[in-house]
Amino acid sequence: MSKDKIRIALIGTEFMGRTHSNAWRQVIPFFEPDLEPVLKVVCGRDPEKTKTFARRWGFEDSSTDWRTVIQRDDVDVVDLALPQSMQPEVAIAAAKCGKHVFCEKPMALTGTEAQTMLQEAEAADIRHYVNYNYRRSPAVALAKQIIDEGRIGEIRHWRGAYLQDWLVDPEAPLGWKLKKEYAGFGPHGDLNSHSVDLAHFLVGKIESVYCQKNTFIHQRPLESGSADMGPVDVDDASQMLVKFANGALGSFESSRFATGQRNANQFEIFGSKGALRWNLEDLNRLEFYSNDDPIHIRGYRSILATEAEHPYVGKWWPPGHTIGYEHTFVHAVADFLAAISTGQPISPDFSDGLGVIQVLEAAHTSAESGQRMNVV
Amino acid sequence: MSKDKIRIALIGTEFMGRTHSNAWRQVIPFFEPDLEPVLKVVCGRDPEKTKTFARRWGFEDSSTDWRTVIQRDDVDVVDLALPQSMQPEVAIAAAKCGKHVFCEKPMALTGTEAQTMLQEAEAADIRHYVNYNYRRSPAVALAKQIIDEGRIGEIRHWRGAYLQDWLVDPEAPLGWKLKKEYAGFGPHGDLNSHSVDLAHFLVGKIESVYCQKNTFIHQRPLESGSADMGPVDVDDASQMLVKFANGALGSFESSRFATGQRNANQFEIFGSKGALRWNLEDLNRLEFYSNDDPIHIRGYRSILATEAEHPYVGKWWPPGHTIGYEHTFVHAVADFLAAISTGQPISPDFSDGLGVIQVLEAAHTSAESGQRMNVV
Amino acid sequence: MSKDKIRIALIGTEFMGRTHSNAWRQVIPFFEPDLEPVLKVVCGRDPEKTKTFARRWGFEDSSTDWRTVIQRDDVDVVDLALPQSMQPEVAIAAAKCGKHVFCEKPMALTGTEAQTMLQEAEAADIRHYVNYNYRRSPAVALAKQIIDEGRIGEIRHWRGAYLQDWLVDPEAPLGWKLKKEYAGFGPHGDLNSHSVDLAHFLVGKIESVYCQKNTFIHQRPLESGSADMGPVDVDDASQMLVKFANGALGSFESSRFATGQRNANQFEIFGSKGALRWNLEDLNRLEFYSNDDPIHIRGYRSILATEAEHPYVGKWWPPGHTIGYEHTFVHAVADFLAAISTGQPISPDFSDGLGVIQVLEAAHTSAESGQRMNVV
Amino acid sequence: MSKDKIRIALIGTEFMGRTHSNAWRQVIPFFEPDLEPVLKVVCGRDPEKTKTFARRWGFEDSSTDWRTVIQRDDVDVVDLALPQSMQPEVAIAAAKCGKHVFCEKPMALTGTEAQTMLQEAEAADIRHYVNYNYRRSPAVALAKQIIDEGRIGEIRHWRGAYLQDWLVDPEAPLGWKLKKEYAGFGPHGDLNSHSVDLAHFLVGKIESVYCQKNTFIHQRPLESGSADMGPVDVDDASQMLVKFANGALGSFESSRFATGQRNANQFEIFGSKGALRWNLEDLNRLEFYSNDDPIHIRGYRSILATEAEHPYVGKWWPPGHTIGYEHTFVHAVADFLAAISTGQPISPDFSDGLGVIQVLEAAHTSAESGQRMNVV
């Protein structure tokens, strides 16, 4: 018996275009979704490159005109892998065409745009999702389960950090992620957004925020090796202190100047009964401490989250066989397909994505003013 | 321009059948091999299950008759994912048909069989490969590079261990891996073989060996939950002490009773100038110690092997984005395709696979006799 | 040839009284100081307990009257191990008597008091020292050396945290450390003060600060097991974001509610060429990352700081033999004795101790006002 | 009220002389033993050096004639810190004088000597102790407690290793530890003996053993920097495979050529219900894995053994304040004093010390013959 098919249009052919393509491909044998994705068409700027991308990843067709693509009758899902400056227009248009929207994060440059995206998506009654993919690391999903089981009690502290070091080199060129026009923020948007989403997921709503930022290197080569320089107009590092609605204190730290940290998305959570720790550089492990243990055997447990009993990971390999970064995208796609199939919502959706932007915007205002800000 | 294709027949649809299928699929977009694999046909015992497997993984055809399959004109490569007892017959037949052979490890139950496989493969002038996949973990390949660069000097010690715990439960059923008829040995074959191959790769030839083994639980349920019991006639744990031809001492430890160790394939190497450590449960990391460092800053470096400068891994994602267990199979397939394309040999081949079995056989004789044994 | 002696009066017989007594005893055989300390007299509140303390730790005499003690002709050094509320009066009086002062941290409740202590110590031309003992952990002293050697370049980030969990239990009693009258602050003073001193030592002057605090449990039993409750009027947790004069960003986090963290005084420093990490719970180790390494072998080195080439530790045992918490006090005493002997100043002195309090006070004002504050 | 005193004569003024002296000093304030040790006399070869040692460590008297010392009426305990070749004669003479004997490990060169020592000690009805000090690391004592509580079930595997690297440098001189005449064995005696004692303590009796050894560098300078060379006639590395009486398998590995391992005395124990891990380089921590945990939160716990609930350590500092190498000696001395005070035996005594030597001797015979040997 053949399965129902669902036809995907991918917009964007860079790094995230590749992670999404891989996810649509891999979900089929490993998750055997009720709705089987068909890679219908990919859309990019350059016709030749896009054709090559299509051939490489198995898309049936390619295009350079997203407006046409999102209107195609043979497209059910529009998958956005674009700079955040470009996502709102496409997402809104896709929603108006009644297409389900799978959207990279952050969904937009501003809360106003995100608000509109949400309204249009709700008006169109589509499935909408913002890809804060780390929620679907098995170890992070396990953290959520442990919290929901009451094992760490009432949460007192969130310590989030997302640290990278790719701008330590002053010769690193001025890519789009360093331009306010396309990226809005530096790591404040790119990295803090992940941490804020995880904090929302694991701890709850953030009520108020103080933020400080810095740009360490103000001019960079326009291209690698070029002598022509341009201005960096986003932050190189951004830190926040927050209070959560439930009374917990939180800290966030993001940087592209954290030498030795290649992709260290990490958190610690301290509760009245236990604690949790995680780091993306060791993504299969969750550390868990429990005051329920007798004192003499109390200590952080290093849980290798590769058991059939752990979220998602039983779909892959036997216990002890670890997965990597890319698998979190497959889990997201699997849940998105299930959401379409069942008509149930999926988190994080545009509402959750808007919530992240509202924190980042309040923080940005704080960094400008030196004042603590409430989050709307 | 379309690529040259190469057509794959997979024999075996269990765990290893899945890892191989995934590898043939994933190699295409990530490694863009000159020879592009086509999943032509998969062969299994049960016609319905094999059909389902074919559909799931994208094979064009399925079969229950391996003899027919290996003779097909539209098959170029025979990929064996079978218990070691069954591999020699198929491999030899495939070689005689002139098919290239990609073979799971251990390649055979005995050195005699392996020797024949090697002879036939050489006579047929095919590419032959035994899938000791951990050589192609980026961190392990980096270890090899560091050794070849002379950074740890003359090797004095190899400490290998491959520890699992899935038989700790006395109710774990009597699968084929616990039967001598199919598996030959217990972890002595399944796990020590991986360690021996890594030792051959990184240290060199093993000259003599002493071995002790134990079977802790002698009767197990025939199936999960069954009251019918059958005898375990392989080892539950096996340890070896060896001397290498270059004068180094080595130790090996394998067990399915190492509680808390889910898949801990690990080694330490101590040389006259430095040291290396690795563990499959944290496969993206290699630890490296160097006496070339000034004393006051000497210490094990924890290298996250995810840079473009590291073996294989630049084909996947940017630095800091880790890979998982399954990726080692993709690297193996990529190199195997390149070997076919260029006509160059690939390691480990049937000769290397035979070398591993010779160590295991000598060790087994030692365990039976209580005497140290030379390796042929 | 017998050595010159120097006679010590210890004021305070609690936890810090014990660590100081041990340090004066241990410095003799291990450091063989030019000036050999004599434990002349100890001063406490309760005559019997103080006598017992004297006998236990080898003091010649005991007293309950600190005013008499500091005036004794047979006392050269006054060693203060008191709550910070009580230290200024004794320290100032001791300085006026011309005694050298070894003072626990924080030195006072307020900057005003600390300023007076400094003035009187300078007027009396005595050696004065504030016991931020972690500067003298070999691994921390090594961090300073590595920074001074230029190995991590220009510092961009300081991430300090000092996390404990002894107040997670709501039944933990209301000791003096939870009362503003005696302690001034909660962990903001007790723990952040250590982190600020380390940041001053390793990074440099702090220019401005934002702080948020919280008290999670407002009423506690007056004594262990008592039904009578009293108010907690200090913070349970305090976090700061700072900017350093050299342009680096800093974060500080202190808590007594960090479940699973028993005494986790830790820092990370990211520079333009390298990085450093340390944690008191593993105090013999320093982690160091260097961009001077070739890319393919770059990683955090885990340095076991137990070599003769490392600061202080060669006085103890051969390489690989670790030391503990108490040894940092012995190092402090050794350097203090050397400072007296040579007439050279020692860091941190009252000026450094004042600098810490100025940061804490600015931070406290920030926490009250929600405004960023400059540090005087 | 003054305490009963017990008067100590220390024989030996090298490294172990220092660790013992420190222990006798430190036990007084921290453990407040019922019998308070008095450092009566120390005995060494060189009169001036021994006098200096006495002054430094607080001995009342010094001597170069051990025969006189052990006969002194004002001596109650003879403390041996000598090469193993010299210990039997002194120990036997001391026992005959009715002195209690605290003896460094290994107690003798041969089982025959050790047997005589035991007989004389029993005949004299003295307290006798062999200083396998690591039993009294709090984390190791906790491991014993966890085993005795049944938390890891029936033991299947012991993996012991004691790895050092101080002979990697071919210029390291030919000290007494490299001469068979004084040391008997190389690391086989010095390091394996510690591991065997821990295995006896934690797992039980060893029944049979296979051993292989190697000497990597055969000639070394007679003194540091000298051109005169002498032969190394002990092992540089020694490995053993054993079977325990309870059916467990064991492995041991000792080396002075394990580059990067400064003092890595470590073990792993796997049982039917749980597992334990420890390493002297991180001596305050014990890792514990329990199958009693629900599967989804199962993992190695990293226990910081610094709680009042943990063995010994509550005598030192509050939770989270770590101790070092030297403290294990203080614990040994405290228990030895208690044994004298109560008349109860203490472990490991001469019988236990003999048991260790019997394993080492059987192993040595195995290494010579290439045959597995039973332990008497």
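Read from first to last, the chains carry the letters A, B, C and D; within each, the first residue is number 1.
We take it that a contact is a pair of C-beta atoms (placed from the backbone, for glycine too) under 8 Å apart; a residue touches a chain by one contact, two chains touch by 3 or more.
Keep in mind that what you see is a predicted model, and the values were worked out from it rather than measured.
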By the contact definition above, name the pair with the higher C-beta contact count: A-D or A-B.
A-B
Could you tell me which chain lies farthest from subunit B when each chain's centre is the average position of its Cα atoms?
C
Averaging C-alpha coordinates per chain, one finds the centres of subunit A and subunit C separated by a number of Å equal to 41
If you average the CA atoms of subunit B and of subunit C, how many Å lie between those two points?
54
For subunit A and subunit D, what's the span in angstrom between their mean Cα positions?
54
Per the C-alpha means, the centres of subunit A and subunit B lie apart by a whole-Å value of 35
For subunit A, write out the residues touching at least two other chains, lowest number first.
261, 298-300, 304
Which residues, counting only subunit A, touch subunit D once they are in their complex?
142, 145-146, 151, 285, 287-288, 290, 293, 295-304, 307, 309-310
For subunit C, which residues are in contact with subunit A within the complex?
152, 156-157, 159, 161, 163, 165, 168, 210, 212, 214, 216, 237, 239, 241, 243, 247, 249, 251, 253, 255, 257-261, 270-275, 289, 291, 298-300, 370-372
Applying the document's contact rule, which stretches of subunit C touch subunit D when the two form their complex?
15, 18-19, 21-22, 25, 28-29, 32, 56-58, 164, 166, 261-264, 280-284, 304, 306, 316-327
